[in-house]
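For reference, the structures are reproduced in the following blocks.
Okay, so chain A shows up in both of these, paired with chain B first and chain C after.
Take a look at the complex of A and B:
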């Protein structure tokens, strides 16, 4: 009886190895939605981008290989000028909006980090526009900045000041979109920076003061380095948010006006171009290809941001 | 609460209240700049057309009127009351489903071991780095192929694939002490019971935070319902505002009434639950 009973052994082992299905029941609902609306579309998007595909005329579907992609890089194609116009507009918007959306919220957060009675009320007010829908923000921008009959120009005219044709001329249309966006989202970045500021240990400042550091030195050598991780985060999410600019130009310049000679609207961002290509022109293969190119660019930018700021640490 | 260094010392000095005063003036000026468009929106929505533009600014309308609201409510081509109910329904359902689906999955990822867990979790994590724009066209096609175009289900369901709520809840569950659940488990409780009767009741603050941020996001969502909903009766408020703008190109009172109707619920929610909203944004931000 030195050998173990084989029957007992296998049943014990199989009991041990018996499939435990409970965890899968917990994750199943999410996994199902994830598979259908995040996993599958990733591949569906890749496949569609290789086809000429019109949602309304499925019988006309045709495999075109990389044509939807090469079109974006061939200067003679129909898509080339409008795609790069929109992408260029978006780059410009990102380049100007992101620094503003880091510096202004940083300033606001520094102001609100001072011990003052009632600072929570100010914080609440500065953050408030962020809870509004982009549609409301776009509509407000339209009402305020309309060139003819808009609110701002009414009072500028009344005061006898210069009245730019805000939404119908360049670069004023972009300024209006920029102002509205800064008004809408500064509070969000401010709140995040403020939380990080409050996590900096006070002892750092005290010991620096004892060592004779002046206030500017303490700001440069303590505050900024301590904020670096959160600033990297802010820069990345703000770049992504600015890439996603959509509702403001849709409401304010009706999707990208004023028109310009080279084709494509002067304030048309890439999101509106992809929207038009996919859902107005119904060229979904081409729209999907555009999305993938833009997504690739966004990921490369985020990656380098992360790398550059991290290596400096 | 570290005051910024170069002002801290000065503010402690009672002789330097002038500095404090200047600071308050700056803070108040910025606050006015931020809040004025909202007050103006509200005030215009309550003014008759003759007062929308006056050289002198009246914050409180001289002639108080609900005409603008009456006009859009009476306009059968702009069923804004219906849109309001649609928004309430879509946002509530989205919030409820996200809370259920994400907290259940998060509990398994936080507290259970199972084959494939690491791979699945890695896959979820990877999608955080994929820009949402990649999913716009294919998700539209999936919704269309499932016959869900022009339906609330089509608006709500793709959002349930998101991973933010799952990560948020998982992190919270992992911060809870394990002992309570283990004791219950030894006493014969099933994992469903430890989840429902121990973990969830302890997670009320996290659920409230996730619920608020999900509700806000869903209420304000513009692009997705704009794509999915075609019938005017089915629209939610944000895409409805686009229709409203098209219908009233220069009737600003009506336009602002629509903007107010869209904004009031979220602003009220914000004022009432300000601490939660701010905290949810901060925790979401600091995690990154």
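Take a look at the complex of A and C:
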């Protein structure tokens, strides 16, 4: 079999000189799709962000250099207040939602990992919301939280409890969006953690028990370290998913959410702002620049994520 | 009231003989053969079937012109993508405030000659709605309908405080609303979301203000009239409504039967009157609060998109079709719209379409539209936010909010002038 592998066959020196096609052939199918559907649009987006651009008005397309970017950092520009408001909102959502979306699924996974009658039914119940589309979840959220005859306030009122204006006042609008998001996506994270839990060898727990470790010690010294790679993955994809918040505010708080002084809605996420800039105001260059600033921020966050988790090992 | 209506009907009858068959006079030359036309509209709601009915009737009456109707959601995105792939339809519905933007984005083409050929006359329409179809001195669209801000009234609740008719003036309105408020009921309900900005604009026009200067280069809502309008809204909210309500909250409450009056678009008629509610809900013209009559409205207009394969046969056929839709807009009015044509609104047939006829009497001649400049709807964004912030209690200084919104709208308008090259 080794003869089929040219890398092993040749010496280290000649391997450097001779270009080896085989590994590239293996990734070629993916590379083709990546190049067409991710690489090329990424490059084109970068180009568009340097232009004033509207695909229906080729006559008006003109090169503006970094203007679309500098606008985002100039406090007197049209884009400045709305862009940073939306980005701030999104950060706030990420900061609050990500810990919840890691801790709650972890707890659920631990509970469902014990031998429990009908645990598959519970797993299915917790996972079920994930199969709904974002539009369905957003509309359900609206009809549960809306103030005039919405399900939640209807019962809260019957109980004589406080009935906040969930969708039109702060911070309640965020709580409503957060509750819906946790309900919707926890199941997905739970399933991944559950799979990882089942991969931890039972012998580790057995020997720890023999050494006299209690259940808390077994959790902290065996479960968490064994889950670390999966938790890194969960944290990163959850940060990205929370950054991409779009449909919940779109349906529940009508895009912007409670209006506030000075520009932008209180629950307007950055993705809705980018969409509006690009396809409602038809300023696609400026929208592309916003996208790249956000993409840059996400890359920096992912980098630190990997570093923090790596240094612990 | 009865006397007034019969007088109007009489006037309509008189005008009918003289004025009705003005449009749709031309016919398609034989050499054209059978012309097939594509017609797009955004009527995804219960209004769609009414339009479908009109198209079918037209096809039956004109065997040599066959129109295929397509209803699209995400309408302007669809038009944009169709324009990019050069597959725009022959005829399209466009909202009045979108016309200039779609013209500048190379989606619509001028139709002056087609309009002239099909005998459509600007004098048959209220000036504001006719002017909305004109951009830079050229005509791009003709108005099909007007959809005004409308008042919806729970007549059972009104009767319980001894009011027999919907209020028509500010004083009547205040008296009824105050009498109804209390005991778990609200006399009048307004939200902090859509359509609160449209209501604000309407009141501001009634107090003598405007949203923009005439050429659409500057926001003018931070005027005395603007402050007055916002103050009226805040006072009404405090006196009759509940504070800080989200979009549609007033509709849901109204349907619950605890609200006397709400203001929303005429398109809500089937939702909150008649079969839609368990009480006697009616739709009527909004009362006049300020010194001069003014009613916020939108308008669906008929336009011809840009096509690579323009040809005179299709253009003539499109003109005939548009003329037919305007002539027969009484059918369309049953979907909950007011015919834009004053001639049709004065017809005996329309007088029987209720409540549209009554609403038309109180609003059609007082509607206003934003100036026809590209991207004008962008400039409403800051005003939406300012009025929303005031109504939700996130801001309290009316003048400061309106000033700030005007300032931001002015930079948006300036940016649009640069973008669209209209400096």
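Criterion: the second predicted complex is superposed on the first by the 273 of 313 C-alpha atoms of A that agree within 3 Å, B and C clash if a C-alpha of one lies under 4 Å from a C-alpha of the other, contacts with A are read in each partner's own complex, and residues count from 1 in each chain.
FYI, a contact is a pair of C-beta atoms (placed from the backbone, for glycine too) under 8 Å apart; a residue touches a chain by one contact, two chains touch by 3 or more.
A quick note: this is a predicted structure, and the numbers were derived from the prediction, not measured.
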* Would you sort A:237 into first (chain B), second (chain C), both or neither based on which partner it touches? => first
* **Which of chain B and chain C A:55 touches, first, second, both or neither** => both
* Which holds for A:174: it touches chain B only (first), chain C only (second), both, or neither? -> neither
* Asked: Is A:149 contacted by the first partner chain B, the second partner chain C, both or neither?
  -> both
* Partner chain(s) touched by A:279 [first = chain B, second = chain C, both, neither] -> both
* For A:83, decide between first (touching chain B), second (touching chain C), both and neither. => neither
* Residue contacts on chain A - larger count, chain B or chain C -> B
* To do: Examine A:165 and indicate which partner it touches, taking first as chain B and second as chain C; both and neither are also allowed.
  => second
* To do: Return the residues of chain A at which the contacts from chain B and from chain C coincide.
  => 55, 149, 279
* Structure fact -> Within the complex, chain B is touched by chain A residues 20, 22-24, 26-27, 29-31, 33-34, 36-42, 44-45, 48, 55, 108, 110-116, 119, 122-136, 138-140, 142-144, 149, 151, 154, 158, 183, 187-188, 191-192, 194-198, 200-202, 205, 208-209, 214-216, 218-219, 222-223, 230, 233, 237, 240, 243-244, 246-247, 250-251, 271, 274-275, 278-279, 284, 287-288, 291-292, 294-295, 298-299, 302
* **Touching residues (chain side chain A, partner chain C) in the complex** => 52, 54-57, 60, 77-78, 81, 146-149, 165, 167-170, 253-254, 256, 258-266, 279-283
* Structure fact -> Within the complex, chain A is touched by chain C residues 77, 80, 83-84, 101, 104-107, 191-194, 244-250, 252-253, 256, 375, 378, 382, 384-389, 391-392, 394-395, 401, 404, 408, 411-412, 415, 419-421
* chain B to chain A touching residues, read off their complex -> 1-8, 11, 20, 23-24, 26-28, 30-31, 34-35, 37-38, 40-41, 44, 53, 55, 100-102, 104-105, 107-109, 112-114, 117, 120, 123-124, 127, 129-142, 144, 157-158, 160-163, 166, 190-192, 195, 216, 219-223, 227, 237-239, 241-242, 244-245, 250, 252, 255-256, 258-259, 262-263, 266-267, 269-271, 274, 277-278, 281-282, 285-286, 288
